[in-house]
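Listed after this line are the structures, all set down as structure tokens.
Same chain, two partners: chain A is paired with chain B first, then with chain C.
And then the complex of A and B:
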């Protein structure tokens, strides 16, 4: 495809907003340990829609990053993965590694947490941008690629693209590096953008700028975004939909305002209450007792029951399924719909 | 002995590193007995350098530093050792600050050994501290890798408080923890401050955490304290444009666009006058020659901004998202 054809495609093939682009069903990722397999992600399902952002919200070890990496099939070799990941009508889990390489960066792109680690320290920014354009055959010709690289840098809000293209990663600030990583991610106009804690390493004033940039790019390019974060504030700011993860499962999901405004799962509610907020006096935070158990030592039944203040007998007997709540959300808790209890 | 007015009193502290970085510029700082003072700022603003100076791990180029009336800058080694019993630290990452080859009880006990406690007293005291911070007695002989992040931070707190200090410097002490566990540790620190009447210098990049835990808050930018006052005043009516931007940058639903652009200038070659003027939406020419004299807002609240009075008049609540 020539660059002219490509740009025509880009102009007219904008996906309609709200069209489902990626469908993940019953995704389970486990890691082999000795002779058994420990499942870190357990039966996760979600859909990404064009022009919308789904936030995977959870604390360390809940499986949110492994979920994101599994979707891109960037999980380590010892991982055992099952379920279905459908990009349009293409099943990614059965795709050959070679086709996956083609697809990665082109149709699904990743914005990493730490751009300093993701960018090569040895090559200038411009050359790293050109590489993406060359590998995915977006633009042919060295000169054209360089031009397109500068264009991409200005699209992510870099005011002096020429200087940045000639710089090495270490010469840029953290915020600039993250802008470059985003430029690389959007280079092929991907349908799906996966951002794994993209602002966690940044200062709060710079974070605000990068979050603005994500918003602008999504408005302009209409990609479906999966944003992984531990930060309730970032989730609140960015999410159309939220999926709260705990112990490898989605425990509550739905429209962002409803999940955060009327949480129905005790974990979501407790997490929101644990945050320092104006009006909460010193020493009067309501923490969640204990800490999440390691995947290999998960309690029977509901994994949150050992920390839950609403725990009762039934909680140890089965792990609740995600069920429709009285608001527009789904939650996996025995208290949500006890009459629809299903044995697992 | 006459008690000094302030537990900690620093005047005109300036720290310059060998590479020309002026990390701390002319900082005045006081901490009273039993007070929690929060120090907030973004990476590179000099907050850790200031904390390390207070701990006497970094030697300032100029200024004075008194701990309970004793000059820390001229104190002899023996005097410093005696002071360090009363001046302790809780580091950011307990998994790297605890010796992996010592049990947690040995690590905590070591701090008493340094201060020449007898064996019997040491062991009783360590168990007492573990109970105080919520570490089950049966855990004493565990090694750091057998504990979770929250538990390790409790051990680090026990180690700092075991010598019954007057001042504890917490450098990002809860930043590495998950929010659900962070709340446990923040509650524990408040409880210890209340019961043991220990003072804290609480350093963090997280404004909401600092506001929550502190009596008084100091906001730092490019080596200077640009605003300080009671925690509630800084949260509800920040006066310096940078403090306002910092508050407005905390993500929430319906957050307005980023208030300030770019990133802080290099501390090797800071701008003349007000350090924030290169990013400040309200900067005028006079800001370049501002001598950084604090402008009082109330008797307990001051900001280093030339225009603070006129900005307040023109826009009484400029930090709110419109």
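And then the complex of A and C:
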């Protein structure tokens, strides 16, 4: 079977929904500083399923982007990473750098946060698409690659793919650039799509269009999606499952409706109260007081205790483990499981 | 691109006019009396007057300027006071020689400098990064005139591999191989400083480009490190052009030392000699041609940058 046929079959094959594609277990990413290592991501575990979206939700600095980049092993040289990242039955953390290069973009693709910066300013859009298709040997032949590039552009909802293919990134609008970045990401029909704050840099109206596009593509291509965002609204709209991150850990996770409908962790509850929504007057919004502490100066015990309104004595003594709640979710809070102390 | 080109060409006209004004009037500031130099300090007032009239030196300065510029535009740069010949011919020959030396030195500087810069930025081995840094630092640290003398002592006087000066062998005045043979020592000497500057500035440009967010995204697309580097180099080429253009410009005006040390009959040596003879027309023409070459180099660099980098085209001409 030639590579062209393979990609066509992949495109039209009915995706197997709910099959676990990527399994991350106990992922810890630290950065070397002087002689010590500061862990930015601490023991994060989650699974991505085909056709489903997991949203990593949290404030900036909570380690959600580092988690996403660690999955692609796109962390800087001074980072120390441990745990397990299994794509199918392949362990990514022990894979050779060369195999990892081939895997990126082909099996795990990234939609960047800021499409203005993420597209090469020097190459035309068409040439950037062709390059990815060529490197991953998806399509052979210059002409075929150009055709496939136009096809990809129209698949992400660009009505005049020819014009866009001949344009440079700076000649396109923000929404258009993000569509192009998505076209590049899905060029090789990846099994896993990682979107790092994909709508943060866009206008609100364009945000909605891009989110629509994500849903549409997921339905058609059946990718497992990891969506990183700080925006509860985006999470509400996109997530099948949600993992709320705080201070480098997942503090609450479960099916999206349950996490958002009956939050069990005070941090999740506080996040939801700070969210503007129709019908909620501005005065009713309650911001979370204080700042998340920097990784190097985390308080003892539960890292959220300095900002938590339910803080009590036990909070400073141990860091609660992620345990099953009374609903279908898991949460890491002493209130959910008082006295279930796990040595940390 | 056409719009960029025409804007850039239009901008060149006022620059050239400005250059001509500065060149003409600066030369007037050179102390000394050209007529006294020609006819001697004890000549009669009538003789002095006659000579002044003959060279147009008795007219008002602005008139002299307009006449000079008008003639210069027609390729007539006047007559040399000291040599009694046409300035255009002398300057043209000297400039060709300078250009030969400059282009030779510039090619070495750009190739070696860019190579060193890539080694400094991309090499995985610490030793080769260090070594390249040291070479680039050393080459900017030595003044041309002392380097020239050392090179002559070692390679011409002691080892006798290359001639110490001049452009051609007396016996084979037009031979190409003889020219190259004579070109090597002054070429290397002139190339040293620009090589180091290009290496250091281009490696900084490469490092800066590596930090651009798109570079990281190229890795996320699954491009190999080698391909990513090609993108980085492509993205830094506009900087390389700017840096090299400046260095070529400085070389054109700054090879005086090298030309004097190696007796290279170029424009630097010509002007240097003419200043001591108060030969105004030659000084003016020499500086004008050098300045012109500088302006043209910058023009070529800007146009090439625009052709290479769509960001430059988009932002338009900035003076």
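Note that the second predicted complex is superposed on the first by the 320 of 344 C-alpha atoms of A that agree within 3 Å, B and C clash if a C-alpha of one lies under 4 Å from a C-alpha of the other, contacts with A are read in each partner's own complex, and residues count from 1 in each chain.
The definition used in the following text is that a contact is a pair of C-beta atoms (placed from the backbone, for glycine too) under 8 Å apart; a residue touches a chain by one contact, two chains touch by 3 or more.
Keep in mind it's a predicted model, so treat the numbers as computed, not measured.
Annotation for the three-chain superposition on chain A: chain B and chain C fit side by side. When both complexes are overlaid on chain A, the residue A:287 reaches chain B alone and has no touch with chain C. In the superposition on chain A, contact is made by A:232 with chain B only, not with chain C.
In the superposition on chain A, A:206 makes contact with chain B only, while chain C stays out of contact range.
Applying the stated contact rule after C-alpha superposition, one finds that A:38 touches neither chain B nor chain C. Applying the stated contact rule after C-alpha superposition, one finds that A:74 touches chain C and leaves chain B untouched.
Of the two partner chains placed by superposition, only chain C is touched by A:105; chain B is not.
Using the contact criterion defined above for the overlaid structures, shared-chain residue A:184 touches chain C, although it does not reach chain B.
Of the two partner chains, neither chain B nor chain C is touched by A:269.
Counting the residues of chain A touched by each of chain B and chain C gives the higher count for B. Measuring only between alpha carbons, the smallest separation of chain B from chain C in this overlay is 12 Å.
Within the complex formed with chain B, the residues of chain A that make contact are 59-60, 173-176, 203-209, 211-212, 230-234, 236-238, 256-257, 260, 270-271, 274-278, 280, 282-289, 291-292, 307.
Across the interface of their complex, chain C is touched by residues 72, 74, 101-106, 109-110, 112, 114, 117-123, 131-132, 135-136, 168, 170-171, 181, 184, 188 of chain A. The residues of chain C lying in touch with chain A in their complex are 212-214, 216-225, 227, 231, 234-235, 309-311, 314.
Remark: chain B residues 36, 42-43, 148-151, 178-184, 186-187, 190-191, 194, 205, 207-209, 211-213, 235-236, 245-246, 248-253, 255, 257-261, 263 touch chain A in the complex.
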